[in-house]
Amino acid sequence: MPAESVSTRPSRSGGSLGLTLVLSEITVLFRRLRTWAMIGALALIPILIAVVVRVSSDTSGSGRGPAFLNSITQNGLFVSLTALTVAIPLFLPLTIGVVAGDTIAGEANLGTLRYLLVAPAGRIRLLLVKYAGAALFCFVATLTVVVTGAIIGALLFPVGPVTLLSGDTVGIGGYFVRLLLLALYVTVSLLGLSAIGLFISTLTTIPVGAMAATAALAAVAQILGALPQLEWLHPWLFTNYWLGFADLLREPIVWTSFADNALLQLGYIAVFGALAYGRFSTRDVLS
Amino acid sequence: MSTTDFAIRTRGLTKVFGRQAAVGGIDLAVPRGTVFGFLGPNGSGKTTTIRMLLGLATATSGEIDLLDGEMPRDARAVLPRVGALVEGPAIYPFLSGRANLRRFDAADRHTSPSTRTARVDAALERVGLGHAANKRAHAYSLGMKQRLGIANALLAPRDLLILDEPTNGLDPQGTREVRHLIRSLSDDGTTIFVSSHLLAEVEQMCSMIAVMSAGRLVAQGTLDELRDEGTARVRITTPDPLEARRVLLGLGLAPEVHGRDDVVTAQLSVPGLLPETVNTALVRAEVRVRGFEASGASLEDRFVALTGEGFDVAG
Amino acid sequence: MNKNWRWLPAGIVPAVIVAASVSGTAVAEAQPQLPAKTAQELLEFVATSTDDAYSGTVEQSSNLGLPDVGMATPSGGTSSNDPTSLALELLTGEHTARVFVDGPDRARVQVLDELAQRDVIVNSTDAWSYDSATNEVRHAALPDKDAAKAELEARLQQKVADHPELQDLPRTPAELAELFLTEIDPSTEVAVDGTSRVADRSAYELRLTPEDPATLIGTISVSIDSETGVPLGVAVQAKGQEDAAFDAAFSDVDFSAPDATIFDFTPPPGATVIEAPTVDEARALVDGKDSDLPAVPTAKPTVIGEGWSTIVELPAGSASLMGIAPGSGEAGMGEIMEIKPGMDPEQVAGAQALLEQALTDVDGGRALQTSLASVLITDDGRILMGAVGIDQLVAAARQ
């Protein structure tokens, strides 16, 4: 095949950065009813917590229940923190599992994967775009819990300067900066799981299988993390720093867990990104 | 003809699933500017071949030249110039028809976002979906989905269209529209590669065909070349069918059995045996011939001859 | 058609990560080149070290062979005020604390728990403690710097003497090192054991080996900062144990004055503030003798033996004073532990189960054995403890 003839490619135009595909991915993700159902379910967590605390107004259970629960009656802004603590082990990984597990397997299942590839989207580019979509969902999901919590808390309880874990207080402005950092921390925490989900998603054409496997892995990692016999393994589990977001509520802020967490998640992204690349770039698209 | 005179060219293209060779070493040659029919019974490997042409599946062995590049190496350069419908349409059911097309168009990094709306609308108009464009695709009928799939292949000007059973599920008007569409695209210089198992359709649209059978390419050439290779038939209406059969057997032919007992048919399978010779032999044997019909080779006969009689799918 | 090379990154990336983490540990464990110092020089270096102002993170881990309390108590409830489970908690598992020190007057220690934190702040005028789990503030006004310091010191000493295992906070490595260095006597072999890297700084390793065959302590290693002479870490190894039974070290340290605002503290709104009696009030309380405190046994603790195998014997009655029933064998666990109203029943059950596991019946009482120390509660209510085996305690109790 003469090499010079290959160079007669169609002229490149504006979308060559792949940004249009990212936008398209986001549109498709957020035009799905399922996505909004999950976001709605996540928003329900802080609402449920706030309403139950408000209605029962029984403060005798001191020291029990999820962290920050007892502070809610004094300061409605704590609803966000309680809700995050509740959402991190189960609900957030579940929704991330659904989105990340669906990335490739969902397209394969619809058959649309073949038309994206024939377009051609490019397999690596498609993987990156899909991952970007999942990462954005992580952020939106976390922000949903945090923002809904702050709003419902402000509606049902008094608000004011917030007491940090160290006993120092910050004003509402400072608190919102920390909430944003918190949302960022939790988003970063979920990136490793998203990468795992992306990889699992390249293995199958049955999206439900990939979703279930991803969510199950999150549960398994947390169970392993609770076993002291596996102490040596803990620093390598992607769930290891999930509850470390509290370090952002100390004064001065402890940044080491943020950095360690980011490094760990980066490791997971690298490993499972490479696996996903290996699998997806060699795989036959037969659906 | 040099390599670049072909839109598609394969050499020893093979795909093995497990132990079964779905495609077993085929050498396709599709000249530019033709409407090329890709025939074969169910399961003969047409779709598998198309998947390999488009880089969706990796060939177990063999080479593929597509337009000016080699697949899958030059997929990025070549595929934007290829429109495809592979194994039926695929849609996002929760998006409208228009949004579906916008999505697929966005996947191609060479298309311009500024002309997207216009191109999508033009493609929808072209397949007659203009009025249903904003309807959710899950509410589309089978034929509407098929039309959307064809529209997707037409989003940008293409040098090659690969259409896997494009008229599947279409009403007669739709089928006609597609035929017209293919003709007009072909007039514009686009090479069109259509797979089908509908012989009549291929006969009407295509100037060249290739026939697949159980993963092998059993014939390839212009329509006329294939017809000429076919064998003629004779059909005799007579009140003496037993006599007639004896005469045909004597000539070395294999008379076929029919429901009507006053009709005897046979293929003129003996080389050099002409219909008039058969007629003379019947008259000599004093068979009363009420009607004598000699027909040239039909594509159907040729197709059945090449791919086998049985109804069961190979593999 | 061979695309297998695309799997290459999937093989290379994990390999690179493993290599990086291994070489990272190798760098961390590489022994820095430092001018040689004798053991005696090192001891003097420590004695003259200046650690006026610094901040850092201390990682403490204990592996005393006790059951892990973290498994038995529900999550989020680890920072309990119940002394038994608190002690057990600090004696097991790992803890991280941040330490800020600026001169002798101002210090802040933050014990970083999961989703919770305990703070102790001392500045020139006040001493505060704050527990985020209970939202309780304890406050003591320090009227006079020196008096306050003396009082704090005294209280600390008292507390350490009374309950060596019941310390609320991990001590700083410097304090711990001092504790062990004062123990040095002729029965201890002191040697310089090369160099190491601690908290990203180069350090000398000083190794103390008790020659006393009776003690459970195998070696004590102290890491001494090569620049300042400040002890950066202490590790205690029990005899016959491979991993350190107790380990406390800075994971990062900064020898510059911390931000002054760190030592300020205002009780957060809504917190329960418990005012400690001032020194004078406390004195008046004790002098007035109108308290309903149980009578303190007059007999003083007896010290048996010397050096590393010293055994401390608390006289009869001590056990019941501390809320522990003399082991009759049938004593319910509720008697052994102090159960207060309002305590989480789950937690109580957990701690009880742990004590049940930890305490073993021995000849003449019940005993708790850790890899570094043993405690014997005799049937007649005496408490004996020391860094020796249970056998020695039993033998000492008979005398």
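The chains carry the letters A, B and C, assigned in the order they are written, with residues numbered from 1 in each.
Simple rule for what comes next: a residue touches a chain if its C-beta (ideal position, glycine included) is under 8 Å from a C-beta of that chain, and two chains touch if they have at least 3 such contacts.
Owing to the predicted nature of the structure, the values given are computational and were not obtained by experimental measurement.
> Could you work out which chain's C-alpha centre is the most distant one from the centre of chain A?
The chain lying farthest from chain A is B.
> Which chain is in the middle, if each chain's centre is the mean of its C-alpha atoms?
A
> Could you tell me the distance, in whole angstrom, between the mean C-alpha positions of chain B and chain C?
83
> Mind checking the centre-to-centre distance between chain A and chain B? Centres are C-alpha means, answer in whole Å.
Each chain reduced to its C-alpha mean, chain A and chain B end up 48 Å apart.
> For chain A versus chain C, what separation do you get between their C-alpha means, in angstrom?
Result: the chain centres lie 38 Å from each other.
> At which residue positions does chain A touch at least two other chains?
282
> By the touch rule stated above, which residues of chain B touch at least two different other chains?
Correct list: 58.
> Counting only residues that touch at least 2 other chains, which ones in chain C make the list?
3
> Show me the residue ranges of chain B that touch chain A in the complex, using the header's touch definition.
Those in contact with chain A are residues 3-4, 51, 54-58, 65, 68-70, 74-77, 79-82, 84, 86-88, 90-95, 99, 102-114, 152.
> Along chain C, where are the residues that touch chain A in the complex?
Going through chain C, the ones touching chain A are 3-4, 6-10, 12-14, 17, 57, 68, 70-71, 74, 76-77, 80, 93, 98, 110, 112, 114-117, 119, 128, 130, 132-135, 137, 252, 259, 262, 265-271, 342, 344.
> Spell out the residues on chain A that touch chain B in their complex, using ranges where they run on.
Against chain B, chain A makes touches at 1-2, 5-6, 8-18, 20-21, 23-24, 27-28, 31-33, 110-122, 125-126, 282, 284-286.
> State the interface residues of chain A toward chain C in the complex, per the touch definition above.
Per the stated touch rule, the residues are 62-68, 70-71, 74-75, 85, 160-161, 163, 165-169, 228, 243-244, 246-247, 250, 252, 254, 256, 267, 270-271, 273-275, 277-278, 281-282.
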